[in-house]
Amino acid sequence: MRALQRRYLVAALLSGALILAATPAWAYLHLSVTLFGSVKSIKWAQSPVRWLSSNASTPGVSATAFQQAAQAAFATWEAVPSATVAFQFGGFTNATPSDDGDGLSVLGFEEHGDLDRTLAATGFTIDVVSGAIIESDIFFNSAFAWSTSGAANAYDLQSVATHEIGHFIGLGHSALGETELQAGGGRRVLAASSVMFPIAFGRGITLDRTLQPDDIAGVSTLYPAGDLAQTTGQLQGRVRLGGRGVFGAHVDAFNLRTGTISAGFSLNGEGEFLIGGLEPGLYAVRVEPLDDASTDSFFDDPGIDVNFKVTFAESLVAVPKGGAAPTFDVTVQPK
Amino acid sequence: MTHWLRAAALTFLLPTLAHATTELPVEFGEMVQGSQLVVHGRVVDVRGQQTSDRRSIETLVTMAVSDTLKGRPADTVSFRLPGGDVGRYRRVIVGVPRLTAGDDVIVFLRGSAPQLPTIFGLSQGLYRVMRTADGRAVVAPAPLMAPAAGVERIVRGDPARQPLALDAFAREVRARVEVRP
Amino acid sequence: MIRFVAVVALLAALPASADAQIRRRLEVGGGASVAGSLGLGKRDASLMSNDTAGSPYRLFSSDTRIDPAPRLEVRLGYRLSPRLTIEGTLGVAQPQLTSSLRNDVENADGVDSSSTLTEYVIDGGVLWRLSTNKRRRWTPFVSGGAGVARHVHEGQTLIESALDTYAGGGLLYALGRRTGLRVDGRVHILNGGIAVGQGASPRGVLSGSFFAAF
């Protein structure tokens, strides 16, 4: 066996195997893999997850400043008390995020002038035979202006890093956000309530350095702390239209007492959804179509149903501690 | 140095991955203007390969073109997507759409020779052609078009926003091709 | 709480007048009441605006209440003096819990989203007769107390407890030496538990019951 093969397989063993535990396919929007016909969440088995920082810099952000911002972003996820994810900084490297197959999980700046609509992106290399995550890398596009101090004319590095590290640990996108179109082109975020919303806040905005309840629910259900199942609850149901299930509907769960919003999606042909990691209490539920998004940035399956109106559930939902609320249906109407 | 291994060509069904990056969304007219080629057609081949610098994996997609909405007409067109499968290894770039042979799509492509083009804005430049219950061809998602003046909030579930019929979508593209900023 | 008990003990220690000696101290009663609507509070579902302050951007509004519902009540009292009675009450009702969801930013039709509760209210308090004139059948009184309101949601998946305090008054009507009717009106205030805050309001309760003294 060639030396590279040996190094690759060793890296596969050390870097973290893909968890093949039975994760419900309709859980919070986690990145997933279909392996042997079964859908499994992508998540790191090993803890802490080791990452390296590239030596690249960009005007306004040195390699050291980059590492510090990334470290702070990792710490934000690590500090979630209801989750067990942990990270370890492994040092600086000349390797770049695009050096796939080196077995190193690298974060750093890269020039991608051809991707002039992409601030940053996360990638995984997976051994589809063993199911192991070989590495996961994040590039930050140095075609844009970046800042670690919230400068008004640059994107906040720590905010974008917090979002991308959400992908790094296996979270997909959230649709908790509102946008507007501007004359002359351009689309702007009006508001969002999840770090994992796919469109960045504007230059100089540092709000996404802080996780929102939706993000916390997502990471907690993927890497639950010991007592999560006993201290939180779930709500589950179906989105129906004309007697059939609606796939890809966005479901908001609003806690009437605390005001927090967590969300999920209906992820199969029956329109089934499940939102976990919820603080026990009374919830109002609202369903909306993902008709303002490139659905390919959320789902692989192109058969998303978006032809319905935004609808509130007729029943309030009581989420218990350590269990699930009774299943309920939300019937939507076509546009 | 070659990173990717000569492994047995075990093929697995591609995973059902949700996709994600941090993107700057583009308005429809902007995308038409910024694309060198806009075509409608059917995907005939999808294959993973090493990148030219052999540092990574990309996917080469080939389409049989049924209509060219912008750019030089051709019978087939090929473009690149970051990530893909080579042997037993899969590189997934979160945010890149998955295409399979048989997909009926409209793609907005940009890039300059000699490199093959890529989809505008990763997934933003991909539209899928669907058939309604009565057999009409419609394009999803409905394109988001800038207002003539001011700002316009995007309202989910807006009855006015429906997937366009294929011919109407093509007209919208061509109308914007003819309008130069 | 200590002050409340001290006042009750002081009142109980007041000497009874000769013509108001109590022969039958134990009072048992039962009846029905109607509880008015109880506002539980308003709260907006909000996102963070794209500005440096992250000011709220309302997605929709909610206004939650418990709807009026009939309630069964049983009561046990002990008359400490001609005027003062300490009593405990158990009330059970099944009201609707409703939240009016409105002002949706995406123009969703407003709805009154609801669920059914089972409400148990256990109160302890005092009743003070404003007259001890036995020649009159009607005796007005005032009352007040506190207790626990327990709300069990549909399917018994969630149980919430709140502090319930009340004050009110009414009339006792003697049917005979041992029996009578009681009508009272009370105002209840709920704290914690099912209340969502931001504008929780008092609730009026009107009840009628039969009682017997032993």
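We call the chains A, B and C, going by the order they appear; numbering starts again at 1 in every chain.
In the analysis below, a contact is a pair of C-beta atoms (placed from the backbone, for glycine too) under 8 Å apart; a residue touches a chain by one contact, two chains touch by 3 or more.
The shown structure was predicted, so the numbers you read here are calculated from the model rather than taken from an experiment.
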{"item": "Remotest chain, chain B as reference, centres from CA atoms", "value": "C"}
{"item": "Chains linked by the largest number of contacting C-beta pairs", "value": "A-B"}
{"item": "Closest chain to global C-alpha mean, per-chain Cα centroids", "value": "A"}
{"item": "Chain A and chain B, separation of their C-alpha mean positions in angstrom", "value": "22"}
{"item": "Between chain C and chain A, distance of the C-alpha-averaged centres to the nearest whole Å", "value": "46"}
{"item": "Separation of mean Cα positions, chain C and chain B [Å, integer]", "value": "63"}
{"item": "Junction residues of chain C, two or more chains touched", "value": "105-108"}
{"item": "Numbers and ranges of chain A residues touching at least 2 other chains", "value": "178, 188, 190, 288, 309-310"}
{"item": "Overlap residues in chain B, where contacts from two or more other chains coincide", "value": "156-158"}
{"item": "Contact set on chain C toward chain A in their complex", "value": "40, 43-52, 54, 57, 59-60, 62, 64, 97-99, 101, 104-111, 113-115, 153-155, 157-158, 194-197"}
{"item": "Residues of chain B touching chain C in the complex", "value": "155-158"}
{"item": "Chain A residues touching chain C - in the complex, by the definition given at the top", "value": "176-178, 188-193, 201-202, 204-207, 212, 233, 252, 254, 256-257, 259, 261, 280-282, 284-286, 288, 309-321, 323-326"}
{"item": "For the chain B and chain A complex, residues of the former touching the latter", "value": "1-5, 7, 10, 12-27, 29-30, 55-57, 82-83, 85, 88-95, 97-98, 103, 110-111, 118, 120-124, 126, 128, 130, 140-142, 144-154, 156-159, 161-163"}
{"item": "Interfacial residue positions of chain C with respect to chain B in the complex", "value": "105-108"}
